[in-house]
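Labels run A, B, C and D following the written order; every chain starts at residue 1.
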């Protein structure tokens, strides 16, 4: 008996419960809150905490039963989500204990399938990302130094030290532009213009590195997955490996529920279909069933006419 | 008899009429409007509404005639564009009824070929986009919590609650930077700097995911379309499949009106041409007509000399 | 006799002269300018105008001599650069005539090789770019409508009409954030947060479309160019077309001046070289000359040892 | 005996020392600094300077011993890092001499492996980047000219000259949006909206060019490196070159320390492994050692079952 069905229920529950919990934490900090609504919000917080306590218990039980392998981070998150608010409540006493429910921010990361991919991309591109961050730091300090030298006599209260100038530099380099520190001299404005353009360039570098990193990682994942899907289809054995590689790349796997309609007669065809798992019925006058390894839709693709 | 020609006239009309209609709606809300211009604008609105009424009638008639398949969203948009302003006018009575013409915003989406592509990209990348949005939310709340703790004593009116701090956090994380909430403490500024850099990073992630998603979708579309174009050209049968695949990728289909000049003698050649449909005349002293399957321009490509 | 050498001198002169010319135009608008410096700047403007007059004459003469084909845009830019300031000076009379020298902004576009590439990318991606712009417009109007409804009672002077609200919407959607219009209500701030995230998303779409468009265009150009370079090298005839395609993709053409050193003995090799045009001397004890079709550097690549 | 181990210690020391050094420089410019902490910070600066003096000596000694080839930039950085602060201290006398320690900003660039890659990408994309920068300049001047004409009568103190209008234009075009210069007329606001959208577009162009440039450069590097790794594996000789090329592209080289666990029995397999260098032990009941050229993990990939 697999515990996977249970995990599938727990996983969204984990993430879904965190959102109202954190909103309650936020609401509890608003100043004009009547005693009654404060009580109601605290009760809601307690309920969510209780749900997380149950989850933790379930996770720990499953872990003891040996059903979960390599789930140490998930267990740690479950335990922290229970213990940190509890400890804050017992030890703190002040209303600030609710802030420690902020640890529930870890919950959405617990079962996500995106963060491992993000982690791999960041790891693959670590050298480039560290390089751009270094470049950002070097530019930030150099620009702050220049702005300090240029503007310190004109606006001593705003550019009177390098840390003040760095605040301006980071606000400008990230193109945030609060508008609290603005250079007044001509040289300072030329510098600011150059800083903005450099900021856009560094931003673009970051985007470029992450874009190429993501593309390569997703491409590699898709290739391996599609190759596995294709490996069992007899039709493709006749083709040379180069075409096979290209077909593997053009494929999009699609999981369909039973009874779903894939395409209708008379539609214009812009793709063909391969059956990897399960069966497909063709609803023609004399119905045909297609099993794994069969394919359909190729006539519309070659002739350009509507589907038959 | 196809209704396609009619649809081709209606489709741009739909989008083109929405623009002046919405501009009139905007103009009607400006305060210093004389009674006469208000009347004129309302009349213009009525005219556009009338045009949409006619369109709806045409769409419904065609639908009843069975000429339109799978056009439910288009019909829904046409009906809404007529009924919502009418209901608002009849039921509301106040000048605000014109705001309900905002439903015409749906009109440009009605016949666009871009939004299906966008929808497919978003669907393909859903996991990653949800992941980045989750990351955005987690960072947003965590940062607001930290800013609240750091700044609440210094600026209680601006960072006095987590919702206030979240307003600052979202304005900073998106690098918008209104400048109404600005951290004053040293720790708050270091946090703000980190938030801006994180905001740029999240932005870059988004751009990277969408860029790779778009590239893959467009690449897949182009590949299928070009393969269809090439399938009928006898020349390519001699080539191995690997080269064919590469040629298919390097192709750009180009639809030309009759009589258009493709290239002139004497130009430097950086491409060759394949005729897929129709005929091409070569305006040499003794004219030649090239039909589907023939190609030209290859001499300039191989020799690097001007076109003959 | 080719006129290309002359054009090569004129082309950068065109772009280089425009920069000081436009700076002079900018300087002439500053208020506290003494009569003497105003005269000097005007004289400088006249000199640049004279240079452009000479260029126009040269271009027209060459055109009449039949040396320039398909240079209509360049001729038009040259003529406009001369005639527009002249007409403004003769007809205007006021100091504003110098503003018409702004037509020199066209000069840098005249001989650029980047703008044709940009034009092709924009043309290839026209459907997607128009789609995103439509999406931008729809979101802009919808958001302005919502902000108008939400904020008009609280801040009638800033959100009192849809055009005012659209100003706020465009400033926020582009993440510019001047800070002159800021929503005050809770609903308005939630809307603003959503607008900023949408703005980032639209921005990312734009970047993604342009990135994939640029990548495809550059890839196609490189492929065609490298294929031409490789076509004449006998070594590659032995290889199958699939490997050839891959080699063509990995190549980077490099133009070297005579006497340049390509690589030194003892360096770590991470590439090999193919000679396409010209000759390469190997400065070993007994010198060897390599002509087109020969290659070198492959030993370092295979063995991983320093170059011999 | 190689000096590489020493360099490996020096390289991070170079970058790590620069950070506290520059922070001290920044701290020294803050106004309310007691004499004692000023002395302590100056002493810290002297210590870091001393460390850089030792490094310079080491680098120069190694260079004289002939151990370092082609390290001229590194030597120059080392010498500048020592001489510039010394000269500033001896000649300047004022507290400003510490600002000259800003030359240590060069230190992080000294041994980075990212900046050569960045340099190659910038060099490869130089034409496009210069083109976008030209476009940025043309748009910047044109927009400033238009804003000057539109707004000079309404806000003469903020748009009264083209340089003032250019300051607004650069702040808006980069979507920084300080909020010090804001157009007030209707035409000026429409212009500003167009400028923001253009700014996003130029930004996106930049990101797109850098993204495609990075992807191509990294792809070329990976291809050459993987090809070298694969060249010695006998298994791959049986495969055709097209598949080989595809396998080379899908590979990720991974350097593992001795004793590291690559994968465990029972895991779901999404990759297979090739041994290029060193040996891998399979911890099955009867242990097997795999040497270069062997591979494992392919069973999980083909069957989709957990690893055995």
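Heads up, the rule we're going with is that contacts are C-beta pairs under 8 Å (C-beta built on N, C-alpha and C of every residue); 3 or more make two chains touch, one makes a residue touch a chain.
Not measured: the values here are computed from a predicted model.
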- Task: Looking only at C-beta pairs in contact, point me to the busier pair out of A-C and B-C.
- Result: B-C
- Examine where the copies chain A and chain B touch and state whether the two sides share over half of their residue numbers (same) or under half (different). different
- Task: Calculate how many whole Å lie between the centre of chain B and the centre of chain C, each centre taken as the average of the chain's C-alpha atoms.
- Result: 23
- Item | Centre distance in Å when chain A and chain C are each reduced to the mean of their C-alpha atoms | 33
- Query: Out of chain C, which residues touch more than one other chain, so two or more?
  - Reply: 163, 166, 175-179, 203, 207-209, 211-212, 215, 240, 242
- Name the graph shape formed by the protein chains and their touching pairs; answer line, ring, star, complete or other. complete
- Task: Would you tell me which residues of chain A are touching chain B in their complex?
- Result: 15, 22, 25-27, 29-31, 99, 102, 105, 108-109, 112-115, 117-118, 133, 136, 163, 166-167, 170-171, 174-180, 203, 206-215, 218-219, 239-240, 242-243, 246, 250, 252, 266, 270-271, 301-302, 304
- Task: Show which residues of chain D lie in contact with chain B when the two form their complex.
- Result: 175-179, 207-208, 211, 242
- Task: Within their complex, state which residues of chain D touch chain C.
- Result: 69, 124, 127-128, 130-132, 134-135, 137-138, 141-142, 144-145, 148-149, 160-163, 166, 172, 175-179, 182, 186, 189, 192-193, 196-197, 199-201, 203-205, 207-209, 211-212, 215-216, 220-221, 223-225, 228, 231, 240-242, 245
